[in-house]
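Should a chain be cited, it is by its letter among A, B, C, D, E and F, assigned in written order, with residues numbered from 1 in that chain.
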Amino acid sequence: MMETIGPALVAICLLIGAIFTLVAGIGLLKLNDSMTRLHAPTKVGTVGVGAMLLASMIHSFVLGHESYHELLIMAFLFVTAPISANFIAKVQLHKRNCDAPPLPPRDDTWSTYDVPEFDRHHEELEEFSEPKAN
Amino acid sequence: MSLFLLVALPFLGALLPGLMNSAGRQACAGVTFTVTLAAFIGLLTNLPAVWAGEVVTARALWLPELGLNFTLMLDGLGFFFAFLILGIGLLIIAYGRAYLSRDDNMGEFFTYLLLFQGAMVGIVMSDNILLLLVFWELTSLSSFLLIGYWKHLPEGRQGARMALTVTGMGGLAMIGGMLILGQIAGSYDLSVILQNRELIQESPLYLPALILILLGCFTKSAQFPFHFWLPHAMAAPTPVSAYLHSATMVKAGIFLMARLWPVLSGTPEWFMIVTTAGLITMVLGAVIALFKHDLKALLAFSTVSHLGLITMLLGTGTAFGVLAAMFHILNHAMFKAALFMSAGIVDHEAKTRDIRLLGGLRKLMPITFVIATLAALSMAGIPFLNGFLSKEMMLKEADYTVLYGTPWLVAGLATLGSLFSAAYCFRFISHTFLGEVRDDYPAKPHDPPSGMWLPPAILVSLVVIIGCAPFLAEPTIYKVTEAVLAGVKETPDYHFKLWHGLVPALFMSMIAVVGGFLLLMVFKPLLKTWENTPRPEAKVIFEALIEAIASLARTTTHGLHNGAFSRYGAVFSVAVIGASYYAWTTGTLSSPTRKMQTAEPVMWAGWLMLVAATGALVFFHRNRLLALVLIGIVGLMVSVGFVFFSAPDLAMTQLTVEVVTIILLLLALNFLPNRTPKESSVLLRTRDGIIAVAGGLAATAMAYHFLLRDAVATPISEFHLANSYKGGGGTNVVNVILVDFRGFDTFGEIIVLGIAALLIYALTETLLNSSVRAKLLNRKPDQPRAGDMHPTMMVVLTRVMMPVVLLVGFYIFLRGHNEPGGGFISGLVVSIAVVMQYMASGFNWTTSRLRYPYHGVIGAGVLIAGLTGIGSWFVAKPFLTSDFTYVRIPPFQEFELATAALFDLGVFLAVVGAVMLSLESFSRLAYRPGAEQSDHPMDIDPSRDDPPPLPPKAGRVSTEGA
Amino acid sequence: MLSKAYRWLLPHPFLTLLLAVVWTLLQNDISAGMIVFGLILGIIIPLLTQLWWPDRPHGLNLGKFISYALLVMWDILVANVQVAWIVLTKPNSKLKPAWVVVPLELRQPEAITILAGTITLTPGTVSADLSSEGHSLLVHALDAEDPDAVRDEIKSRYEARLLEIFK
Amino acid sequence: MELLVATAIGIMTAAGLYLVMRLRSFPVILGIALLTYAVNVFLFASGRLSVGAPPILRDGVEVYADPLPQALVLTAIVISFGMTAVVVMIALGAYLGSSDDSVNDAETDEDETEGAT
Amino acid sequence: MSEMPAFLEYTLIFTFVVVALSQIMAMIRLVIGPDTGDRILALDTMVVNAIGLIVLLGIAQGIQIYFEVSLIIAMLGFVSTVAYARFVLRGDIIE
Amino acid sequence: MTHWLIAPVILPAMLAPFIVLAARYHIGIQRVFSVAGVLMQIAIALGLAWQASDGTVTLYQLGDWAAPFGIVLVGDRLSTLMVLLTATLALFVLLYAIGSGWDNRGRHFHALYQFQLMGIMGAFLTGDLFNLFVFFEVLLIASYGLMIHAGGKARLKAGVQYVLFNLLGSTLFLFALGAIYAETGTLNMADLAERVALVDPSETVGIRLAATLLLLVFAIKAALVPLHFWLPSSYAEAPAPVAALFAIMTKVGAYAIIRVYTLVFSPEVEVTAGLHGTWLLPAALVSLAIGMIGVLGAKKLDRLVAYSVIGSMGMVMVAISIFTQVSISAALYYIVHSTLAGAALFLIADLTRAGRAHLNLTLAPPIAGAALTSAMFFVAAIAMAGLPPLSGFLGKLMLLNAAFETPAMAWVFAVVLISSLISVVGFARAGSVMYWKAKSVEPEPLQDGQEAPEAPSILSYVSVGGLIGMLALYTAFAGYTHDYMTATSKQLFAPEPYISTVVDTPGKLTRDKVTKEAKDAE
């Protein structure tokens, strides 16, 4: 059973992985807005590699030496991806590479723009510390 | 007295004046005199043997294999010179005691003097030409110290350096000459060399040896064109001048020419070179001396002239010449020492040596007048004084000598020299002592205390005695001459007497004296002409030459080592590429032994990525952050390549190291500029590009070459593969090599890491204790900063991830011996886990909660690794001998216990400690006082603004379960 | 007393469990020995690092958390296809990216983080930033005709559930 | 395959050398890092190239990649890591002391030798 | 390559090519930027793709020992992304 | 099994972390341990040298693995001699560092010092090329730490260049090792010597590249022109005791060249014939010239000394490149001499600093303790310039004597003698300005609160005096030492016992096999 279905499953997972990985690449290259670009790889890419990891896991069962390792890597990727995305988004916000976001309803500003007093004086551009959209 | 003691006495004695310095000036001079006297008496004890024609010897081995031994000999020649050196030395010491002023450091002076004396005695007693060289150079060095004794006077320093430079040059040339001479003769022992006249003179190396040795002699004895240093040595205190010029230093060259006379002389080369140099020196020295106004300068050039005379006599190559030379050496030593001392007395008393300010001293200092006049007349060649005798012999020899096929040349020039010689002697007497007493002397002169006039008086009485009774000196000079000739030539049949009949020499002598007198008559117009004649000033030329050389050296040195690392790098690359190219092209090449493996598409893709990233890195290297990202990609692709080519351990190490490196570089970049300015010109970049491409091609060629060929024999790794499990207890062969087969490498490696961390820590401390600290504290960020230092999401994730990563690190550590992993990677992984915590909640918050003594961790790591190695000593095995066993404790599966794991633990600890200490140090640099140190792990935590769900300390006390 | 010892030994029981699971997965071997060893490590490591996680999350409901996790996984699968479709087919000009501001009811950092992570992993949204006091979440939507609808869905589909998990 | 590896080594070497000859410490350090990559790959390649044969002993497997160069490269990587950390620190120290991150050290001692007189 | 059905082998090669392509696209984004954020994003993508490549290698060679490498890449990729971003945001990455 | 051979490496390797762990904040304790360690080193080194003096080759198999599979340490006359030299130098330099207070001007001096010794000792003792690399790195990284000890703008700037250049060197070393392993499949030097014989004469490119790269690596260490650029500023800017210790570091390069080129790529080996012969001698002569020109051209006293080190290495390399038994023994004699003399000069330059704001060769008020310092300078300069009666002169004679065997004799004579003269002039000018001319300057009156410059401590003088005393002894007993060098050179030129000791001694697994076979035979 495993001998016949297994490779097929592996192949399917690989194909899914391949497609998603490709989409991640295309998205990264094609999309022209920096915040929009963020969407493609952080999700699609993760799923793409996830599918390949699944393929690898199934493949190990096919070969007869079971492996669960891949789950760990998958979990790892999935847990860290949002944090990476969050940091990159913060970078884009900080560098003003996107439309200015609306102000938060309850607090003064977004945390990226909430620059502590002692950090506001840098060498060249003082006004940079304040969000220019506001 | 043993010759060893004789030579050693002055050197050993040289220690005393310095030590006695505090005991007073009298003690200082006394001890010096005593030492010299002892040596002098010691010398005399050898007189009977030497007189009997024996050669007294003493040998001790020093460097037998090289042929440099402490072999001394004392024959007639040596005795003669040693007698002069020590005898006149005694007088000089007595004179010097009276001469030196209270401000002069007497201990220092007499130390140098004794050193010099010892060196001179050594020269004349050496039976080994290499040993002679040693003493030879020692005279240069000690005379350097003597001449420069008055350090505050620029003339002293310049004169000393000039003397050292010129005589040093000669000495070095002589090293070459002596080595060649010894090589020809097959021995460096004089006694052997002197037996090999034919061998030496027929050797093709004779001429180079001769020239090099003569360079030494001429420079030392101030022969033209090296005569110029001697007058400048006058800057020394007068006792030194008297000593150097009469009996010692300058006679060394003469001595050596005499010493080697049997083997070197008699060839046309010798004759031409030596005689010519001597003649020119004699005349030139005499002419210049006439026009010198400084008494000592006048005497100095007279010395030059007389040395030329002696040289000329040795150059003729006849036995009579030698005889005359030896006699003149004796005579010259006496009158010249006396003259210098007299000049010194005048200087000491009248406070000037300028002959133009003097005159009429006859009445004020009659004793000095008598002494100086007798000595000067002897030098002028006036009968009944010893100078007359030897000068006449010289003229006789000159008369017989034919140079350049011109019979009258030597005779004419010799007469001319004598004429000028007589003239300056007369000038010396008349312009100093005769005439009216003046009233404008810088000081009122009178005769000095007996301590100063007695020594010259003794000498002058000898001058007169020999002058009147020449037969007294005859046996001695004959003994000496015999010793010089060494059987090569017959000793001449000639007797020292005042009257030889109306021989040509007598007429020449008369011409000289009368001519000298006439010359003095017309001195004033002559001086005017002399002063208006443009002539090369040797000192100026020499100094310009030295300055030019020094300036060239400066330019070369600083032009070459201009501090430009970029150029050093280029030179390095070119040198390596060039040498490799040479090695390649001179080797042989046959066809490959391995087949090229096909490259799959994925390989191509990887290659493309790597090349693209590398290219982009070069292209964008000025944008530092981008460059950092790109180098990360290069590293990533290299790691993937390692995985592809079956090296998982390598890939993991590469990756972890790279991330830590990037973190370090980012930490550094925080302080450094973010962009590199464009500075190098297109030309420079082209040059660098060409070098780089050449280097790349070389590396490619070499790698390609080896990749397609097998090693000449089975690689030793076969053994490692075969014995990894059996002998090392692990299946990951790479790890077994690291912790067992080549554990010593790994031991060194962790020490490197440990040192790196200590260094970084130490430098941080140093920087923070320096002015840099203020600079750092006042630093303004060079880019706008965002808010939210410790983002909430990151902190929360880290709380979960950090323990997981630690677990992974532990896992990798345990696995290392059998699967990819090990202490090193594990250490880096654990470090990265801690770094995550640092990045999330900040350095201060993190360390304030858990401060690891990273120093201790490093130390412990190295100690554990080392002690594991030492542990094997207790079972009588070498360092790092491993052992392992398999253990089973339920419910766990059987597992392995290996000493290698303990070693790996050391590695782990050292790595963690090193990485963390380094990061910590960087963070300490970045500390800014303005930044408020949060008490919270994250900046934004809405749970804080609500009423806390549990009492503050509930974390520990609450009884509620989760 | 016992619970005191329990709290001392297990400052973060879920972490202990997580570590044991990770250890088993790492070893690729589900045997008694491995699980025991994993638990031992799961106890030791949190003890070593607990000072860095001083206050433990309270009131976590494990059962609801698991169902939430399954929901998110399903959403991820579906969403990814949607995003892939958008990326591949929609020209850049037709995309309507938008900022979405999500006011937060959640207070615990752990909960907020899970919400933000969920948002990022699910269709067409990325959590970009938190407001300066942590009361709103800034979300970027890839293609949103109606940002308010996106906000409402986030609040109802995920935040509501998380509020239940983290009581 | 061999050619690809050889050229990769060459290209990294060339790029490394070029950067090493730059004027500021940061690119020079990057250049050294590239050279380190190049030499590590070269040293690794001295065991020749084998695909799919990691030197981890398994029953029934006879062919393994040469483990020794791997161990050597591992040591080399670690050492060069230490070295890089150190050079970064020293370069940083030099920069902080003089506000100049040039690797070239133009001699600044103003006092010229007046010559020994 | 270990023994496997032909279709799987082709799929594998296809996947390799696709991942490599994606990698190259990310690389292009990395080089063209335009801003640091995009570059960090591209790098993050490349790291994830590298894991994919290594997983594929494991499948192709039938060897499981590349797991640790993948795991480490996953961990490190995350850490370096955060480090880069923190650098842009704050200058000092572990303040 | 005796473990003495590894003791020179292990002792500092254990002592250093101990100092870091236990005595990090107590300079006094650090000093005691550091000095005690060095004294023990000397004792051990004497024992090892005594053991090797009858020609015995001692082998130490690390991990009990037989060569070439494991790493071995080999003690022969040469390596033990170098160990003894290092230990002796280390003592005097350490005393100076303590006496002058240099060790307390930054952190971790003593730990780094011990690590430095460990690296040097390991480099001298190891019989394995890669292990040699590792020890090179240990000694280098420790040297980086010591070089920038106490910090300062100029020192750090020079430190950057020093480190960067050596990183290039380390990279090159790895290229060389890769080539060696790729060509021969081994790393052990003795084994390499045997395998070089297997190289196919029709395929010599590989081994020639390997040999050349290796030589270049060692040439960098030996500061051979044009690979010497790292030396002048780093030695000049390094703290004086460090620069003094560094006097042995260039010798590591010379040692390695002698070792590898007598043992492995000896002149008789066909496949590498003519490799070093072509350009090593010219390069050495140029080094000698450049170094001595630098002595004359230097603007500062410390640089002058650094250039003299380059020059002295030129001398050593000239002797090596002639490559006869006689010339190698001259090289060995000169190595010991120039190490001691160079170290003494660096320390004297530091003594000169007392009371002087700078070491520029320009006029400045007299220094504190001038008489003794200038006397020491005079003696050390004589030694370095190769004037009689000190060992420099003897070394020069030996070298020139050896030069009769080379066709380039005239060149050797000319360059050696002329460069000697240049250095004499250089030293004389420098000494005259520093110590004599200063007497013509009135010291500036002290300002309020300004303390008169303190004369260097007695311990400083004692340690410099010790070095000079060593030079004097070395000169006086030149016969014995030269005999020792000749015997050492002979041993190097007949490497068969070395090779057989290393390669034929059984190790862990093979030994079991041997005993088992012996049992079977019974």
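Please note the rule applied: contacts are C-beta pairs under 8 Å (C-beta built on N, C-alpha and C of every residue); 3 or more make two chains touch, one makes a residue touch a chain.
From a predicted model like this one, the values you see are computed outputs, not experimental measurements.
**Student:** Taking a step as a move to a touching chain, how many steps at least join chain A to chain F?
**Tutor:** Steps on the shortest route: 2.
**Student:** Does B-E or D-F have more contacting C-beta pairs?
**Tutor:** If we tally the contacting C-beta pairs, B-E comes out ahead.
**Student:** Please flag the chain sitting at the greatest distance from chain F, going by CA centroids.
**Tutor:** Taking each chain's C-alpha mean as its centre, the farthest from chain F is C.
**Student:** Measuring between Cα centroids, what's the chain most distant from chain D?
**Tutor:** It is C.
**Student:** Cα centroid separation between chain E and chain F, in whole Å?
**Tutor:** Whole-Å distance between the two chain centres: 48.
**Student:** Averaging over Cα atoms per chain, report the distance between chain C and chain F in Å.
**Tutor:** Result: the chain centres lie 62 Å from each other.
**Student:** Please tell me the distance, in whole Å, between the geometric centres of chain A and chain B computed from their C-alpha atoms.
**Tutor:** Each chain reduced to its C-alpha mean, chain A and chain B end up 65 Å apart.
**Student:** Please compute the C-alpha centroid of chain C, do the same for chain E, then give the distance between them in whole Å.
**Tutor:** 23
**Student:** Among the residues of chain E, which are close enough to touch at least two other chains?
**Tutor:** 21, 23-24, 36, 40, 56, 62, 65, 71, 75, 82, 86, 88-89 - these are the residues of chain E that touch more than one other chain.
**Student:** Specify, in ascending order, the residues of chain C that touch 2 or more different other chains.
**Tutor:** Each of 22, 26, 116-117, 127, 129-130, 132-135 in chain C touches at least two other chains.
**Student:** Where in chain A do residues touch at least two different other chains?
**Tutor:** Within chain A, the residues that touch at least two other chains are 19, 26, 38, 42, 46, 67, 69, 72, 79-80, 82-83, 86-87, 90, 92-94, 111-114.
**Student:** Which chain A residues qualify as touching chain C in the complex?
**Tutor:** Residues 19-20, 23, 26-27, 30-33, 35-36, 38-40, 42-44, 46-47, 66-69, 71-72, 78-79, 81-83, 85-86, 89-90, 92-93, 98-99, 101-102, 104-114 of chain A touch chain C in their complex.
**Student:** Using the touch definition from the top, list the residues of chain A that touch chain B in their complex.
**Tutor:** 79-80, 82-83, 86-87, 90, 93-94, 111-116, 118-119, 121-125, 128-129
**Student:** Would you pull the chain E residues touching chain B in the complex into a rising list?
**Tutor:** Residue list for chain E touching chain B: 13, 16-17, 20-21, 23-24, 27, 30-31, 33, 36, 39-40, 43, 46-47, 50, 53-54, 56-57, 65-66, 68-69, 71-73, 75-76, 79-80, 82-84, 86-95.
**Student:** Which of the residues in chain C come into contact with chain A in the complex?
**Tutor:** 22, 24-26, 28, 76-77, 79-80, 83-84, 87-88, 92, 95, 97, 99, 101, 103, 116-121, 124, 126-136, 138, 140, 142
**Student:** Can you list the residues on chain B that touch chain A in the complex?
**Tutor:** 780-789, 791, 793-794, 797, 800-801, 928, 930-932, 939-940
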